[in-house]
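Report on the following structure.
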Amino acid sequence: MSDRATAQSPPALTRWEQRAEGPLFVASLLFLLGYATRVLAPHHAEPWRGLSLVLVGVTWLLFVIDYAIRIRLSGLGHRFVRVHWLDTLVLILPLLRPLRVVKVYTAVQKRRDKPRLSLYARVMSYAGMTSLLLGFSAALAIYHLEHNAPGASIRTFGDAVWWACATLTTVGYGDVVPVTPVGRIVAAGLMACGLALLGAVTGSFSSWLIQTFRREDEKVPPAGG
Amino acid sequence: MSDRATAQSPPALTRWEQRAEGPLFVASLLFLLGYATRVLAPHHAEPWRGLSLVLVGVTWLLFVIDYAIRIRLSGLGHRFVRVHWLDTLVLILPLLRPLRVVKVYTAVQKRRDKPRLSLYARVMSYAGMTSLLLGFSAALAIYHLEHNAPGASIRTFGDAVWWACATLTTVGYGDVVPVTPVGRIVAAGLMACGLALLGAVTGSFSSWLIQTFRREDEKVPPAGG
Amino acid sequence: MSDRATAQSPPALTRWEQRAEGPLFVASLLFLLGYATRVLAPHHAEPWRGLSLVLVGVTWLLFVIDYAIRIRLSGLGHRFVRVHWLDTLVLILPLLRPLRVVKVYTAVQKRRDKPRLSLYARVMSYAGMTSLLLGFSAALAIYHLEHNAPGASIRTFGDAVWWACATLTTVGYGDVVPVTPVGRIVAAGLMACGLALLGAVTGSFSSWLIQTFRREDEKVPPAGG
Amino acid sequence: MSDRATAQSPPALTRWEQRAEGPLFVASLLFLLGYATRVLAPHHAEPWRGLSLVLVGVTWLLFVIDYAIRIRLSGLGHRFVRVHWLDTLVLILPLLRPLRVVKVYTAVQKRRDKPRLSLYARVMSYAGMTSLLLGFSAALAIYHLEHNAPGASIRTFGDAVWWACATLTTVGYGDVVPVTPVGRIVAAGLMACGLALLGAVTGSFSSWLIQTFRREDEKVPPAGG
């Protein structure tokens, strides 16, 4: 949806974005790793908990720097916050960074001569990968928010992952559910994003399957049966 | 579905509809605000409860007046009730008004030179916005109907919103569910409308994603990799 | 899927089918009415229970006669059972009759000059109507099978309808669920049929919405904004 | 997705695959039968339990031999494991074999002159059949893993099948759910595969229905109403 805005962006910004996307993606994986260590490490595992805090802080700083550079290069000033609302959201909630994977994907793609996978396979792999990363982020956040809440049913990280699976696929058993208000807001976000992404996976798979079967049809007749 | 009927409607009716849609949309938001205040305000918050009742009454009156004017202008007489059944339904159950957002959207669109968003983005934003308003209305109605029922699991407005999220996305955890007959009828309505609307969001997102990836394909080759 | 078979069917059979579909549809509604009365009437409401049994018996007999006539006219002999497997299934389980609504619809359509509704609206109304009838049939069957079972959560017909809504829309709260083996088989059937039908409703609605928005696009430019 | 790889495969490999697919499919059904007997037979039913173990072992050996032959014929060496990752996965987890049904289907198709079913009907039957086999495999595995676990809600094979139905259709009542970690991993796999496959069934059915209604449109006008 920020397509149009990108089309108008000055070349310096485009160059920066192409160069920075790779490192930023690595940074966002490191952020996730740091957050995961912070959330999952036991309270007395001090060296790791300190390190993870540093990792989270440093990577977040990188995101802020990138955002500042892009405001400067875009020449949009204050309007940048509103025009690139997805980037702004992702700066405030770095756990949503996986949503920007599509840009990394495109950047990687541009360096190759031709796409390795068919259109539907690429949509499936993009949407599937994003779902996976988002689901993992949500499981971390939910575990963080819920596991000490009174009356919580999500008590272990395994429960949180199981809950994320059941939510992303809209199965929703309801054996483990978030009970805190913030946990429920995170869950609602996961439902909304996840539903759209998984719909994309399902739709692409369906289209791919129909295409495969149609191609078989075309192959058979010339072979004379 | 009332497409054909609109095509045959006299110009006076079309003009009225174009002029009235904006104010009526504002009125429907005020209705929702009034109803929300009525439902959510504590029983002793008297000045607000009285005001909200007035707001609900006045906006409803506006809807009735608009309906009467449109019957007159259409020249259909009694048949109007049946031909424009969606309008009739929306008059009786003003909480369903958000379903008519598409008309407002079109009216707003006509005043601009060209659409600001691509086709799929518009379908997504329309269906998403309608889902949001419908979900909020349903949460209000369910809270109203359920929170004092014996054996109810929906006790706070937060529970009702959480239930509406889980229902609209068809996750359906079942940790909070309506138990009264009227509450269940409202819930069934939300399931039916919400499912179709969210299917539209999902389908458009999927199409948009495929389109985006396809466009990337076309951009890459001329650039010579 | 019995399309090809129909294409080869002798003219006498086609004529019979066109003439019989209307009355058979009425008969299937009467069957449903009889079954509903049988299931829902209290045990001591003797005159009604007897009448409903007669109604069920007579309408079933009509289905058998129609099936026999069609075997005769088709000239397929024993193969008819296999080729027209849907008809055979529907003879044995008359509650599935709604699935054949599409034929009635086509028959009715043929008598008119042109379809009253657009393509997507027709698919939606067909699939929606079939879902409704199937859901009602399933609710009746489930209530019949479950309401006296030990440990049942479906105790009233209202519960059964509520369960059918939650199942057809794949929300699946799980507050009321079938517990008997036969009830679960009926439920699995409803899930399978319902999912496909509701997918058709959702898909058509999504396509219809995209089409509507696209048409608006085309209308706007010639008007010069 | 292994389409491209297949396109480059040497003729000897293609010939082998065409010849072996039929027998391997029979072997995978026998494997399933053996596994089912092993899981479902009571502990003291010794002759059957021994036989089923032999059946599982022999069929698995066949899969290994086929895999080895295909590595040899492909001339890919170590890369075969990565390029044909689906085949590798299916060798390690033979319960996923049904996923390869599409190849069998294509092989069978090639021997006929023309397809017996329309495109959408074939996609539906393929995806439906695969869902059925996968669901049955998952029910067996879940029953195996869960029925003796402490606090398990899946206690009988009937429960496991009921759970598989509710999961594949994303209804997810949550009355019976896996509680062991391995059981939950199997369940997550079923959700992912099943969702995509059932999406294909739904999508194809929707397309087929729209196509059928469109065809009726085209038939009606020339008949002059």
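Chains: A, B, C and D, in written order; residue numbering restarts at 1 for each.
We adopt the following convention: a residue touches a chain if its C-beta (ideal position, glycine included) is under 8 Å from a C-beta of that chain, and two chains touch if they have at least 3 such contacts.
This structure is a prediction, so every number in the text was calculated from the model and none was measured.
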Out of A-C, B-D or A-D, find the interface that copies C-D, where copy means more than half of the contact pairs are identical. A-D
Find the chain most remote from subunit B, comparing centres computed as mean CA coordinates. D
Which is it for copies subunit B and subunit C: same residues on both faces, with over half shared, or different residues? different
Subunit A-subunit C separation of Cα centroids, rounded to whole Å: 42
For the pair subunit A and subunit B, the C-alpha centroid-to-centroid distance in angstrom is 29
For subunit B, residues contacting two or more additional chains: 166, 170-174, 202-203, 207
Is the way these chains touch best called a line, a ring, a star, complete, or other? complete
Can you check the complex and tell me which residues of subunit B touch subunit A? 117-118, 121, 158, 162, 165-166, 169-175, 198, 201-203, 205-207, 209-210, 212-214, 216-217, 220-221, 223, 225
Partner subunit A, residues of subunit D touching it in the complex: 1, 3, 102, 106, 109-115, 119-120, 122-123, 126-127, 166-167, 170-174, 177, 181, 184, 187-188, 191-192, 195-196, 199-200, 202-204, 207
Touching residues on subunit B, where the partner in the complex is subunit D: 170-174
